[in-house]
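Sharing a structure, written as C-alpha cells. Questions coming.
To keep things simple, chains are lettered A, B, C, D and E as they appear, and every chain counts its residues starting from 1.
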Amino acid sequence: MKDLIYYFKRDKMVIIATIILTVIILSSIFANFIVPHNPYDLASVSLMDSMKPPIWMKNGVDKFLLGSDLQGRGILSTILYGTRISLLVGFSAVILGGIIGVTLGMVAGYFGGKIDSIIMRMADIQLSFPTMLIAITVMAFLGRGIFKLIVVIGLATWVTYARTARGSTLSIKNSEYVEAAKLIGINNTKILIRHILPNILTPIIVIATVQIAQVIMLEATLSFLGIGVPLTEPSLGLMISDGYKRLLSGKWWLVVFPGGFLVMIVLSINIIGDWLRDVLNPKLK
Amino acid sequence: AETMTIATPSDALTLDPIMLSETPTISVQMNIFEGLVHLDENMDIQPGLASSWEVEDDTTWVFHLQKGVKFHNGDDFDAEDVKFSIERAKNHPKSQFKSPVGQVESIEIIDDYTIAIKTNFPYPILPRKIGRILICSKDYVEANSDQHLQNNAVGTGPYQVSSWEKDEEMVLTAYEDYWGEKPEVDKAILKPISNPATRVSSFLSGEVDILMDLPVQDVERVEEAKGVKVVTRPGLRLIFLGVNTQEGPFSKLKVRQAVYHAINEDAIVEHVMNGHAYKAGQFYPDTIFGYNPDVKRVPYDPEKAKQLLAEAGYPDGFTIQFDSSNDRYMNDGQIAQAVAIQLARVGINVELNVQTKSAHFDKVLSRNTDFYLLGWTNSLGDGIQFLDGLLHTPEDSYGRFNLGNYSNQEVDKLIEEAAMTLDEEKRSKIMQEAVRIGIEEVAYLPLHYQQQLYGMKENIKWTPRPDKYVKISTMGFDN
Amino acid sequence: MQREKILEVKNLKTFFNTKDGVVKAVNGVNFNLKKGEILGIVGESGAGKSVTGFSLLRLIDPPGEILEGSIKFKGQDLMKMNERDMIKIRGKKISMIFQDPMASLNPVLTIGQQLIEVLQFHLNYRRKKAKNRAVELLNMVGISSPGKRMKHYPNQLSGGMRQRVVVAIALASDPEVIIADEPTTALDVTIQAQIINLMQNLIKDRQTSLIFITHDLALVSEIADRILVMYAGDIIEYGSKGSIISNPAHPYTQGLINSIPVLDKNQKRLKQIKGLMPSPLDLPAGCKFRSRCSKKTDYCKNRDNEFKKISNNHYSTCSEACQLKKELIAGVG
Amino acid sequence: MKLLEVNNLKKHFSVNDSFLANLLNKNSQVHAVNGVSFSINKGETLSLVGESGCGKSTIGRTILGLYEPTEGEISYCGKKISQMSKKEKFGLKEKMQMIFQDPFSSLNPRQKVKDIIQEPIRSHNIVSREEEKDYILNLLDKVGVDGSYLNRYPHQFSGGQRQRIGIARSLSMEPDFIVADEPISALDVSIQAQILNLLMDLQDEFDLTFLFIAHDLSVVKHISDRVAIMYLGKIFEIGDKKDIFAEPLHPYTKALFNSIPELTTTTKENFSVLSGNVPDPIQLPQGCYFHSRCKYAEKICLKKEPELKEVNGRKVACHQL
Amino acid sequence: MLIYTGKRIWQTLIVLFAVSIIVFIMININGDPVQTLLPPEAEPWAVEELRETLGLNKPLYIQYFNFIKNAVKGDMGISYYQQVPALSLVLERLPKTMELAVAAILISIVIAIPAGMYAAIKPESILSKLIMFSSLAGISLPTFLSGILLILLFAVNFSLLPSSGRGEVAQFLGIHSSFFTLDGLKHIIMPAATLGLYMVAMLIRLVRAGMQEVLKQDYILFTRAKGMPAKIVYIRHALKNTMIPVITVIGLQLGRLIAFSMITEKIFAWPGMGKLILDSINRLDRPVIMSYILVIAALFAAINLVVDLLYYYFDPRIELG
C-alpha cells in the first residue's frame, strides 16, 4: 500500500485521471443533490423544452446548461443520472465477467486435460451466440432489469478473459517457480492465486480496462433493444445511441456531451489501469 | 440511357410474387410483374393487365385482358397465365397471398383474353384484392423449381432484373418489348441501405439519386444541401394507441377520453416527428375509401383530462404498463416516451415497456397488454381492412387485431353490411358511420399518420405513392 | 613485453535508483585489459562484478544508470558512442557470457536459432554456412549430436548444456574481448576443462582478451594473467595472479583464499569471512570491509580508496597490508 | 536406516524435432536417466557427480515428483511413493525439499523475498505468526542475506543472492531430506563456505539427509559421505567418499579427478581433455556408454553394457575391473 | 498433434450438437415466426395452414428430431422468408463478412503491433504517449458513432470514399473479393477501419504491456549483448514472447468480427452475415438463425483450434493436449 502511494505521487497523469474519475463517480452518485431536476421523473419533463441548445448558443435557455434532449430532459442532469447506471453496469459486468473468466481460464490452463477441454468447449459454445440473441432470450424468460443486464453482459464477456487467462497460464504453469511452489506443498488453489494469477495479470488488466467502454456501449445497445434500462431512464450509452441519429441534423449537443463524458471516463480508467499494471509489475519499477 | 440510383431501406427478399407479402419485396416486384389492375398515386384503381372489367352478377366478375403482352422470356401472356397465377396464390402451400384470393371460388377461362372470377359472396373489393396478385408465366413457373424462382423473375412488367447481389444492389433494366408506355428511366440501381444515417449520407455525398425514407430529423440538413430537394407525401400508416376496453381503467370510456385529451399531439408532431406527420383524428387518412370528413380530433386539454379522470374515479390517476416497439415505426420509442411523459402530467403513471419489434408484437398479438402503441397501414386504399381487423368484435376472421377487445354490436353490424355492399356510395356511408362510433367511443386513440419523405436530386421528376411502392416507370427527369 | 591496451576503464560508476534508495552497484572502478590477456575478476557475491560486465557493454537499463566514467575500447570511448555503433561493438568486438544460462536464453526460440542469428548478422554468413558453423561450435563446447540439439528449446537442455550454448554464442563471432561471467559454474570439471582449453586456444590464436568473472579461485589461478578483487562496488586489490594468490594483501582477499575447501586436506569446518557485505544502499565511508575486518584500525574509518603499491604489479587499497608480512597460504604450491 | 531408495529409475523425454514433425506426431526420445539405483541413509549425504547433461537434475526432480518416472520405483522410508495416498504425499512435501539449480527462474518474479519465504512457513504452520518475522530474519541471516532486503523482488538481486534466497526457502520448512541441485555453484567461496557450513551444521543438528548435486569436487569431498559418479544417465561408480577420492577406479572418474583445477601461481596451459565423441542421449550408444572416449576400451566395451559390481568396497561399472 | 487435432474435431461435433439444442430452445422461446411472417390481414386459416406447412405445429422434440435428421445430411431447412436453403444463404455471405473481418484484423495488426512495440520500447517519448492516448479514442467511442463520423468526414465532406456497399469485386485465385479492385478497396477501407478501431486499441495495449515485461528479461539483455540489431531484438525475441495473449485476442476478435459485425455492416450497408442474422433474429427466421449459429460455432472451434496450435508455435513450453 505504501508502495502504491509512493508510485501514485510520482505520476501526474494518474493523479489527474483519478481526480476526474472520482469527481465523475461522486457526482453521479450524488446526482440527486447536484442537479436541479430529476430527468427520470416523467412529470417534471416537458416536450416544450425539447431540443434546446446549450446555454451559450442562440435559443439556449437558463434551465439547461448543456441543452436538452428530444423529450425535454436536461443533458447535464441526464448525463449525471445516466453515468450512474452506466458505471454500475460497466464495472459490475466487467468484474463479473472477469472473475468468471479468469477463474475458469486459469483452471483450464493449469489442470489441462479433460477440465480444459470442457471449459474451453463451453467457451466455444458461448462464443457462438450473439449477445443480442442471449439478451432477448433472457429477457423473454426473466424479464428485464439492471441486475439481469449485468448478468447477461457478464456471461457474454467471460470468454475473452478465460481464453486469455488460459493462454498465459499455459505458458507459465511449467515454470520453475510454480514447480517450487508445488514442492513446498502449496495447494493448487493457492498456487493459482499467488503464483499464476499475478503473473498473468498484465493482459487481464489491459482487457478489463479496455472492456469497460465496450460494456457501457453494449448496455446501450441492449437497452435500445428493450432489455435493460427503460428508455425513460437513459444511461450514458443510450443517450449516445439516441443522439447519434441527430448528428446529421446539427443537434450535436445530444451526442457530444455524453460522448465526451464517456471518453473522459474511459480515458481515466485506462490511465489508471495502465498505471496499476505497471505498479503491479515489480520489474517495471 | 438514363440511370437512376435509389437508396432503399431494405432489399427484396424474394422475386417470387406469392411468397412474401412485405412492402420492400412487393415494391421491387411491382416493377417486374404486373397485376390485372393497379392503384395509381391516389390509390385509385386503374387498368393493368386487364384492360377492363365488369360485374356480371353479384358474385361474378369478368376481366378483359390486354392483348399482345409478352413475358420477359418471350412467352405470350394470356388467360391461362392469369388463372394459373391466381390459383397458385390460392393453393401453393407457402403462398402468403391466400387472403386476397380467399373469397375467390373459381376462375373460368372464357377465351384467351377473357376470364370470369366467381366469389363466395358479393365482394366489393375484389378488384383491389386481385390487383395484388402479380401474374407469372405459367410455362416458366412450371418448368422451374420453387428455389429457382426466388432469384429469377419473369414477368410482364416494364423492368427486368439484370443483376442482383442480395443486400447490396439490384440492377433493373427496361424491358425492350414492354407492351405499355416506354419508361423514361432505362436502368435503375436499387441500393438497400438500412441504416438511416448512412442512407442520408450516401445521398448527401451524391452516390444516389433518390433517397427513400428520409428520417424526419434530417429533413433540414437535406433541404440545406445543394442540388437536391425533399419531397413529402402523406403516408398511409396510422400510428395509434390501443387500450384494453374490457378490463382495467381503460374499460371506462371517461378514462379513454381523458387520455385522449391529455395527449398533445401537436407537440409530438412538432418535436418528435420534427413536423413531418399529420395529426390523426380517425383511423385512416382522407385518401382512403371510407374516410369520414365530419369526424374531428378532440382537442388537447389536460385540465379536462384531469376532470374526466376524477369523474371516472381516478382523481389521483393510476399506474399502467405501456408497451411499445422502438425499431418498427418512425421514432416509435420517442413517441411512446412523449406519451408517457404527457400522461404523467395528468397523474397517470406510465411504466414504459419498450422492446424490439419481434418481442413487442409477440406480446401485444397475444393480447397480453392493456395499453400499447401500434401502426396500421391501409395498403388496399380501402378502410374496410381496418374496420374488419380492428373495430369489429373479435370473432371468426373478424377483429383479429382488435387487441383491446373493443366490442359494439352496432358497429359490428355496420361492418358486416359494408363488406357485402357493392354500391360504392352506400358502402362509404356505412363505413363512415362505423368510424364515427369508433372514435366517439375511443376504441383506439389515433395519434398521427406518418409522412413519407424522400430526397431527390433536383432534376428528378417523380411523385411517390402513398403505399411506398417504388414504381420506376413513373420516374422521369426535368431537362 | 608491453602489450597494447585494448580496454581502458576509468572511474566507472553504475547506480540503480530504487524506491529504497540508490544502489551503488559499481562505484568508481578503474582497470585496463591488454590484448591477449586473461583478467580474472573475483569478489563477493553482489560486489558488482556482473554489473561491471554489463556496464562495459552499456547494457544498463533504467532504473540503472551509468553515472560517469569512460570505457575506452581501442582508444574509442564507448560511453560517447551512439546506440547504432554500439550494436557493432556488442557481440562482434566484445561479447559477454551471462551468468544465468537459463535466463539468458530465449525460451521460445531454439538454441540453433539463437546461435545462427549471431553468425548471420555479425559474420554475414549464409543460412547454410551459418548452420554448419553452429553445429561446429556446439560440437566444440562438447554438446553431443549438435545437429539435433540445435532444434531443441532451452528448457529441454540441462543446466550445463545451456551454459555451453551461451558460451558458444559468445565465441561465435570471433570477438576481440570476451567478458565471461562465471561461464563454467554449471559444468563438470571435464567439460570445464574442455571449455577453458577452447578459450585459451582462442586467445593464443587470435590474441583475444578475456575478462573472466568467477568465484572459483582455483580455476582463475590456473588461467588468469592478472586478478582483480572486487568488494561492494569497488576494486580493492589487483595485480598479477602469482602475487595475489601467494601474497594477498587485503584481508578480504586473504579471507577468500582461506575459505576454499582444499582437496587434499581434511577440514571439519570451512573457514568463512564473518559478517555480511554492507548493503550497497548505504555504503559506509572509508574502508567498506571494515565491519568484517579483524585488523581494522581507526584509520580505516575515513581512509580513501587509494591504491598502495604492494609489489611490482600488485596494488591494494588496504594499507595495513603493506606492513603485514603474510605467511604463505596453505595449499598453494 | 534407508531413508530413500531409488530402484532402476528411468526417465525419457519426448522432444519434437520441428513443428512439422510434431504435426505428424514424430518425436524423438531423450534418454535422460537410464536405469539408476541407489539408496541414501538417514543423516547421510550422497553426492551425484557427473558430466553436464548426464541426468543428475532429472534424478533429483523425479525423486521429488516433478517428473513422472518412465520406469522404476522410488521409496521413501521404505514406502513406494507411487503407492502413497494424496495425504501422505502432501506430508512428504514438508519432509523433502529441493534447492534449484537455476536460482532465478525458481523464484516467482512477482513475489517479494518476504513472501517467498513466508509462504512455506505459513502453509505448513512451521511457526506462529508472531514468531514468523524473527524466524525469517534469522533464516536470511543464516544464508547471508541482509534483513533489509525483505521487500525486494528477485530481479533486484545478484546471482548469488538469489541462490541464497532459494536455499532459505528450502530450509524454512525444516525438511528431513534435501535435493540440493548445485546449490553453491553461483556463490563466491566465502559465502560458499558459509552455506556449506550451514548445511553441515543443520545436518548435525537435525539429522538431515542430502542428495547433493555438484561439480566442484573439492566441495563434494568436503560435504559428502558417499559419492555416485554418473555418465549418460547411468551410475558408473558409487561408494564411500574416502574410497573414491583415495582411489578412483572407473576411467571416467579418473578423468574427472584429473581435471580438477587447483590453486596455483603458474598458468596452466594444457588442460587434459577427454577426447573422442560425446555420446548422444537421443541415440544411445551400444555397449558401455563411455567407450567412445575411454582410453582402455576394448572389444567387449563396444558390445556389452557393464554391470555395476562390487570392487574394493564400492560398486563400479566397468569391464576392465 | 494430429491426434490432438482429431480429438478437437470430435469435441467440436459435440459442441455443435450442444449448440443446436440450445439454439433450438432459444428460438422457440422467442416469438412465433408465423405471426411475423404473414401480413397482418392474413386470415386465421391461412396462419394455421402455413404453420403446418412449416411443420411448426408438431411437438418440439419431433421438430428437433426432424431437424437433426436433415442436418446430418447437410440440410438445415429453408429460409422462411427467402425460400432458399438457409445454410447456403449463410455460406453465401460468409466470404463477404470474412473479407471485411480479415481486412479489419490486418489493418489493426499492421497498425497496432508496431505502435504497441514502439510504445513499449520508448515509453517516455511523446509519440508513445500520443499513441496510447489516441488509441483510446477508438474504444471510448461506440462503433456506430465512429462509423458515422467517418462517413460524414470522408464521404459527405470530402467526397473521398464511398459511404456504403461493397463496390466492384474481382476474382483472383478463385476468390471473389473487393480486395482486388481499387473501387473495392475504397469501399472496404472505412468499414474495416471502424471494425478495427477497437482491436487497434486493445492490441496496442496488449503488445505494449507484454513487451515492457519481456524487455526486462535477461534473455533480451543477452540478445542485445550479442549485438543483435533492434529489429531482431524486438521482433524476433521480444515480440514472440508477447504473442500468447495477443493471438488469443486476435483469434477471439477475428471470430467475433466475422460473427457479430452487425453494427458495422449495418452502418456501411455491407451485405454480410451480420446483417443477415440481425434481420433473421428480428424476423424469427429460424432455419437461418440455426444455420448461422452452427456455422459460427464451427468457425469459432476452428479458429480456437488454430490459436491453440499457434500457442504451441509461439511458446514451445506449452504442451498440447
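By our rule, contacts are C-beta pairs under 8 Å (C-beta built on N, C-alpha and C of every residue); 3 or more make two chains touch, one makes a residue touch a chain.
What you see is a predicted model, and the numbers here were worked out from it, not measured in a lab.
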Interface ranked first by C-beta contact pairs: C-D
Chain occupying the middle, per Cα centroid: E
Computed distance of Cα centres, chain D from chain B, in Å: 88
Chain D and chain E, separation of their C-alpha mean positions in angstrom: 52
Centre distance in Å when chain B and chain E are each reduced to the mean of their C-alpha atoms: 37
Chain centre separation (chain B, chain C; CA means) in Å: 90
Residue list for chain C, restricted to those that touch at least two other chains: 18, 100, 103, 155
Multi-partner residues of chain E (each touching 2 or more other chains): 30, 148, 152, 216, 218, 281, 315-317
Residue numbers of chain B (touch at least two other chains): 197, 201, 204, 327, 356, 358-359
Chain B-facing residues of chain E, complex: 30-32, 35-46, 49-50, 53, 81-85, 92, 148, 151-152, 155-156, 159, 162-166, 266-269, 271, 275-276, 279, 281-284
Complex interface listing, chain A residues touching chain D: 175-177, 179-187, 190, 194-195, 198-199, 280-283
Interfacial residue positions of chain C with respect to chain D in the complex: 16, 18, 20, 42-47, 50, 99-103, 142-145, 148, 151-152, 156-161, 163-164, 182, 185-194, 196-197, 200, 215-219, 221-225, 241-242, 245-246, 255-257, 259-263, 267, 269-273, 276, 279, 281, 329, 331-333
Contact set on chain D toward chain A in their complex: 61, 64-66, 90, 93-94, 96-98, 100, 102, 105-112, 115, 119-120, 123-124, 153, 155, 166, 169, 173
Of chain D, residues touching chain C in the complex: 13, 15-18, 28, 30, 49-58, 101-105, 144, 146, 148-149, 151-152, 156-161, 164, 182, 185-194, 196-197, 200, 215-219, 221-222, 245, 255-256, 259-274, 277-283
